[in-house]
Every structure is written in structure tokens, then in C-alpha cells.
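Next come two complexes, and both contain subunit A; in the first it sits with subunit B, in the second with subunit C.
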Partner chain A sequence: MTTYTLIASTVVGSSTSVSLGSIPQGYDDLVLVWKGGSTSAPSNGYGFKVTFNGSTGGYQNLIMRNNAGVALSAYKYANWGYIQANTLGDEAPYEALVVMNISEYSKTNKFKNATVQFNAPTRPQQATIGARWDNTAAITSIQIGDDFGNSIYGRFYLYGIGN
Partner chain B sequence: MGYELIETVTLDAGAAQSILFQNIPQDGLDLVVVCSFRGTGSAVTLCNVVFNGDNTNANYAGVAAIGNNGSANPDTNYPRPMFYIPDTRHLNFSFGTATVYISSYALTNAQKPVLTNGTVDNNSSNDYQTIHGSTWKNNSAITSILLPSSRNNLAQWSTASLYKITSS
Partner chain C sequence: MSFMLLGILNSQATGGGAYTGPAFDHIQTVNTTGNNVQFNNLDALEDYKHLQIRYSGRVGGGVNSVQLRMQMNNDTGSNYSRHWLYAYLAGLGITSSSSINQTDIQLGDLTGTAQPSYIFSSGIVDILDFHSIDKTTNVQIMSTEMRGDLSNGDIRLSGGVYNSANALTSIKIFNTYTTFESGTTFALYGRRG
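And then the complex of A and B:
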């Protein structure tokens, strides 16, 4: 039976970065789920950012989103410093629900892909993000922050999918 | 509710034109196929999913939202479940990711709705992001799933895993 196994969880009140480290390598994929937000009102265009193994380069981002009822739009951030997990809600409490699937995180013969489903209900905005980290290293840690440098808060859960 | 692996196929030995799942057990609620594909061609490559050997487009209905190089467009030209695959123009080690969710696959009195989500990232051009909703207009239970490459072969190390969602 394949199961979702909780690897790590943390509740953060206010911090500029959340790190989930020492990720075991015995699973097939990872799922990172969090509901949280920023402690400050957002400026236009910032939101959650995610990096792997502390690396700040080689991330490719494709985003399709529906923002406040505007027609579906697409964005591309190539050779970025992080996975752009899209913008937070622009009305208090400036929050979002994010589900990130990370495929074959321990394979050393492939770059690493992540698919993000994103919902910022007070903006409102929904988005899907397809991201790739151009690195063959196994993912051993994940960092979550705010690309504008503000503090974030929330509940963060990391699951392993495997037999 | 469980999430049970039925089979994983990895092209360890070399490239192949497709990956096929056969004799799918009928005791699940839904199916999920998770793909990590790369193609051996040098141009745009797709995977158009086939159920029970039925590759007649008229037997499917589908609509897609496709993101490509920073623009998003609806597309009704792909009735079968589909997603893009990286090709030899993309960096080495880059594989595309796709998830195919198939609802009520074992029922014999209902058509089969499918939701597909795929991404091909690149750091220059030729990137694709797809959300595709489709229906196989057939009441038969799904017993096989073919995942073909539309151009040349699937590259070595391409992988597909088939899961079933169970009620316990």
C-alpha cells in the first residue's frame, strides 16, 4: 500500500524563512502542503518562494493563473533564483493554500520537477505552477520564504509518497 | 481511502516508443498515472493517452488550457488526454512531469472523465504547461492504458507509475 507518510511538520508564528531538512531518501515523491501568509500587507507581485538544498539558482517557472476574475494568463520566469509560488492574497489575512508535488526528488539522473496548486482566496487568485530545478542532486532540504523579504507564518507539512 | 501502486515502468534499458499498462485490476475507485517523460525527437512531442487500444479521436472529447512561452490559450484540438514531452532541444537531465487522473475507471455504465496536468520547463523557449480535461466516451471498464510518444521514442529513464485509489 502506498501511503502519504508525514515526514515533517511545523507551525511558524513569524519567520523570514522556514526550513525542512534531513529529508529521508526512501520515498518516490514528496508533497509539501502549507496554509499560511505574510505578516505584512503585500506589495504587488510578491508571494511565497521555495528553494531546494539552499540553492539560489537554476529554477525554471511556468505559471498559469486566474487573478481576480481576469482571463487566464501565463507567465514565465526562466533561470530564476527560486520557485515562484505566486502571490498572496491582497486583503487581510494575506494568506494562501499551497500544495506542491515534487517528483523523483532523490533521483540523481534527472533534474527535479515540482507542480504547485495555489489558492489565495482573498485576492482571489488560483494558479498552477510547473517548476524545474536544473540540478541532479537529491533534495535533502526545502526552504520556504517570502520573495519580498517579509516574515511569513503558517502550518507546513511535508509528506513522502512511497510504498 | 488508500493510494496503492499497481506498477511502475522505467525505461532502464533504453528508449521505447511507448509505455503500456495492461490487465489493470478492477478493484479501485480511480486511477492516477504519474509520468516523468523525455523524448528522443528534436521537435514538439506529445503524449496522447489511449484507453483499451481505442485511439480514435472521435471517441474522446477534450479541452485544454495551454501555457507556452508566457502566453495562455484554450485549445480544443486534443480530444484525448494529452501532455507535452521535452525533446532533444531541452537540456540533458530534463524530463517533463505529468499526472493523469482517471475517474470511475472500472464502471461499466458510465463514460470516463479524465484530468491531466503536465509541464515541460525550459530555460529558453519551447516550454509548455497544460491543464486538460477530457472524457473517453465509452462505458467499458478501462483495462489498459497506452502512453505513446508522438515523435520518435521515449528516452531512457522515462518513468510511469500507475496507482489506484481504493476505498480502504
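And then the complex of A and C:
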């Protein structure tokens, strides 16, 4: 009956992307957790991007974000090429801590919803993100990269929640 | 160079000497086309300290969205407090609000059948220390509802309080307008103490 099951994990030293593949379809939801960063300084507002099944279209993003000492701000990225999962610290280490919940990832009668919470301690910046992938395909793989094009590093964990 | 993790590393957490608990267990999933869901006999869940409900939902009635609500112990009195912080799409901004002496806790909006058929709303509801008999019951929610064209909707962090020191015996989740559409699911999980 225990259901918060580790499906996959990996430690990456330096790579342009990470792919978690062959995701089993027997769970209800997925939880993707990582602590990761960029090997070089990112540009302001850039960070990690997430795509499903290698698809680079149909992602909707609504971001509720705050910077230290600045009021909360909302951002919308419509019909985007990826989920804007986090920004990164602007001082070394250029990192973020991220938890992404993906709802009903295997259902072919639904677009896929995700919620993300991240904290980039050295910017400092944190946000809660609502995202939707306008696609009914079951999610069988997840790709993580840097939308500024830098190499990334980190520890990545994928969990399954369900019966 | 791209790093590819080949295959799946199942159940690594149960490997030799690894940390194995406390557990997070599935208790019950309800798929419904009614207008409410009730989780009963919570007092029998003696092994668990906290509960989590994960939902994916949509409603009929030809509306864009309706509010999803929750009550405890069949208590319909003005015994709930609620507050929200959310980013909204209509006009793109952020706001917060709170109210006391309410008759329910609001969980977030559910997409309606005025929106494309594949769009559902989702949320995660954490109910803390539900067996407690010496304090109120606190709930925290993270939910998202977005229209097909992103003309409206939100990402929302909410909190709620059931102003009773009674242990929880039941939870009702409902909306006051219409029925849930096929594909709507509410899954209850327990965290062991």
C-alpha cells in the first residue's frame, strides 16, 4: 500500500539536459524533485525548463514570483515551448530547489497539469507556478534543461503516487 | 552532451540499510459524477497523523468554473476560516484575501464544460494532525485552474481552519452549483506518524 515510490534518480555533474525515460504508467501522479544549477552565471529570469515526451509546444505557464525586497509579480507564458520550472541564483552557486507535482500524467482524456514550487536562495527568489501541457498523450519521459543554454548539474528524483 | 538515464530504478528507497519510513499510503480514490464526495470513518485511520487529498476535476453546467469547497464532520455552521494568495490571469496580477466565520473552506476553482473538454483543474490538499482533540484543524491547499485561452484562472495557495477541537471523522468535498464531470477523481492518502 506504500505509494510514494522512487521511480528514478540520477546525479548529473555537467550536461546540457537530463532525461528521465520509460516512466511506468501505473501511478496517478508524479512528483519530480531536484536541487540543481547552472555551471555558469545565468541571465536574469532564465533557469531550468521542463518538457514532456520531447515535445516543444503547447505549454501554458502562470507564475507567482517574489524577489527579495520586491512585491510579488505575476507572469504568463502562453503557448510556450516548455514549463518554466525555476530561475537560478545570480550568485554562485547558481542553484534552485524545486518540487514539481504532475497530476494524472497517464490519462489520455486530459491535458496535463503541473504545479511547481521553487526557491533560488542566492538570488533570492521563490515562486509557485501553475502549468498545463495541452496534450492528451500519456507522459512517458521528462526532459530537464537550461533555457539560457548553459550546462546543468544536480540531483534529480522522480516519485510515483497512486494505488 | 546529453545525459540519459536508461531504465527505471525501482524502489531504491527500500535498498539495504536505506531509510524506509514514515510511509505515505493510498487510502481511497473516488471517481464521481455526483456533486459531492464524502470520506468517512476517518477516526478508524489510527496509523496516520496527516491526510492528503489530490484531485483532478471538472464540472458540468456549461460554466467556465465553479468553486470547490470542503466541510468537516458534517458541520455546516459558520465554523471555518479561509485565506488565499493567488496569481490570476484576467489582467495578470496577484492578490490575497481572508474571511472568518464561513460555512466551508474553499479549495480552488474547478474548470467547467464551457471550456475545452480536455481541460481539468487539479489541487493538493494537506490536512494536518486530524486526530487531534486539543486544537483546531488546519488545511493548506495548492491548486490551479486555467482557461483554455488563458483569459482567466489562477495558481492559488490557500489555507483553511476548521474552528473545532474535535477529531475529524469525515470530510465532504462539494460544489454548490452542478455535478462533476466524468474523469473527476479525488484520492485520499495518509501519512504515518
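Following the convention adopted for this analysis, the second predicted complex is superposed on the first by the 161 of 163 C-alpha atoms of A that agree within 3 Å, B and C clash if a C-alpha of one lies under 4 Å from a C-alpha of the other, contacts with A are read in each partner's own complex, and residues count from 1 in each chain.
What we mean here is this: contacts are C-beta pairs under 8 Å (C-beta built on N, C-alpha and C of every residue); 3 or more make two chains touch, one makes a residue touch a chain.
Predicted model only: the values in this text are computed from it and were never measured.
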Fit or clash between subunit C and subunit B when superposed on subunit A: clash
Contacts of A:Ala96 with subunit B and subunit C, given as first, second, both or neither: neither
Touched partner set for A:Ser9, first subunit B, second subunit C, both or neither: second
Which superposed partner A:Ile83 touches (first subunit B, second subunit C, both, neither): neither
Subunit A residues touched - subunit C or subunit B, whichever exceeds: C
A:Thr128 touches, of subunit B and subunit C: first, second, both or neither? both
First (subunit B), second (subunit C), both or neither touched by A:Ser17: second
Which of subunit B and subunit C A:Leu32 touches, first, second, both or neither: neither
Subunit B and subunit C contact sites that coincide on subunit A, given as residue numbers: 1-4, 28-29, 60, 62-64, 72-76, 78, 101, 103-104, 109-111, 113, 115, 128, 130-132, 134, 136, 161, 163
Of all residues in subunit C, those that touch subunit A in their complex: 1-13, 23-26, 29, 54, 56, 85-89, 92-94, 118-122, 124, 142-144, 146, 150, 153-155, 157, 183, 185, 187, 189
Subunit C-facing residues of subunit A, complex: 1-10, 12, 15-24, 28-29, 60, 62-64, 72-76, 78, 101, 103-104, 107, 109-111, 113, 115, 117, 128-132, 134, 136, 161-163
Subunit B partner contacts - residues on subunit A that touch it in the complex: 1-4, 28-29, 60-64, 72-76, 78-79, 101, 103-104, 109-111, 113, 115, 128, 130-132, 134, 136, 161, 163
Subunit B - residues contacting subunit A, complex: 2-5, 34, 36, 65, 67-72, 74, 91, 93-97, 99, 117-124, 127-129, 131, 157, 159, 161, 163
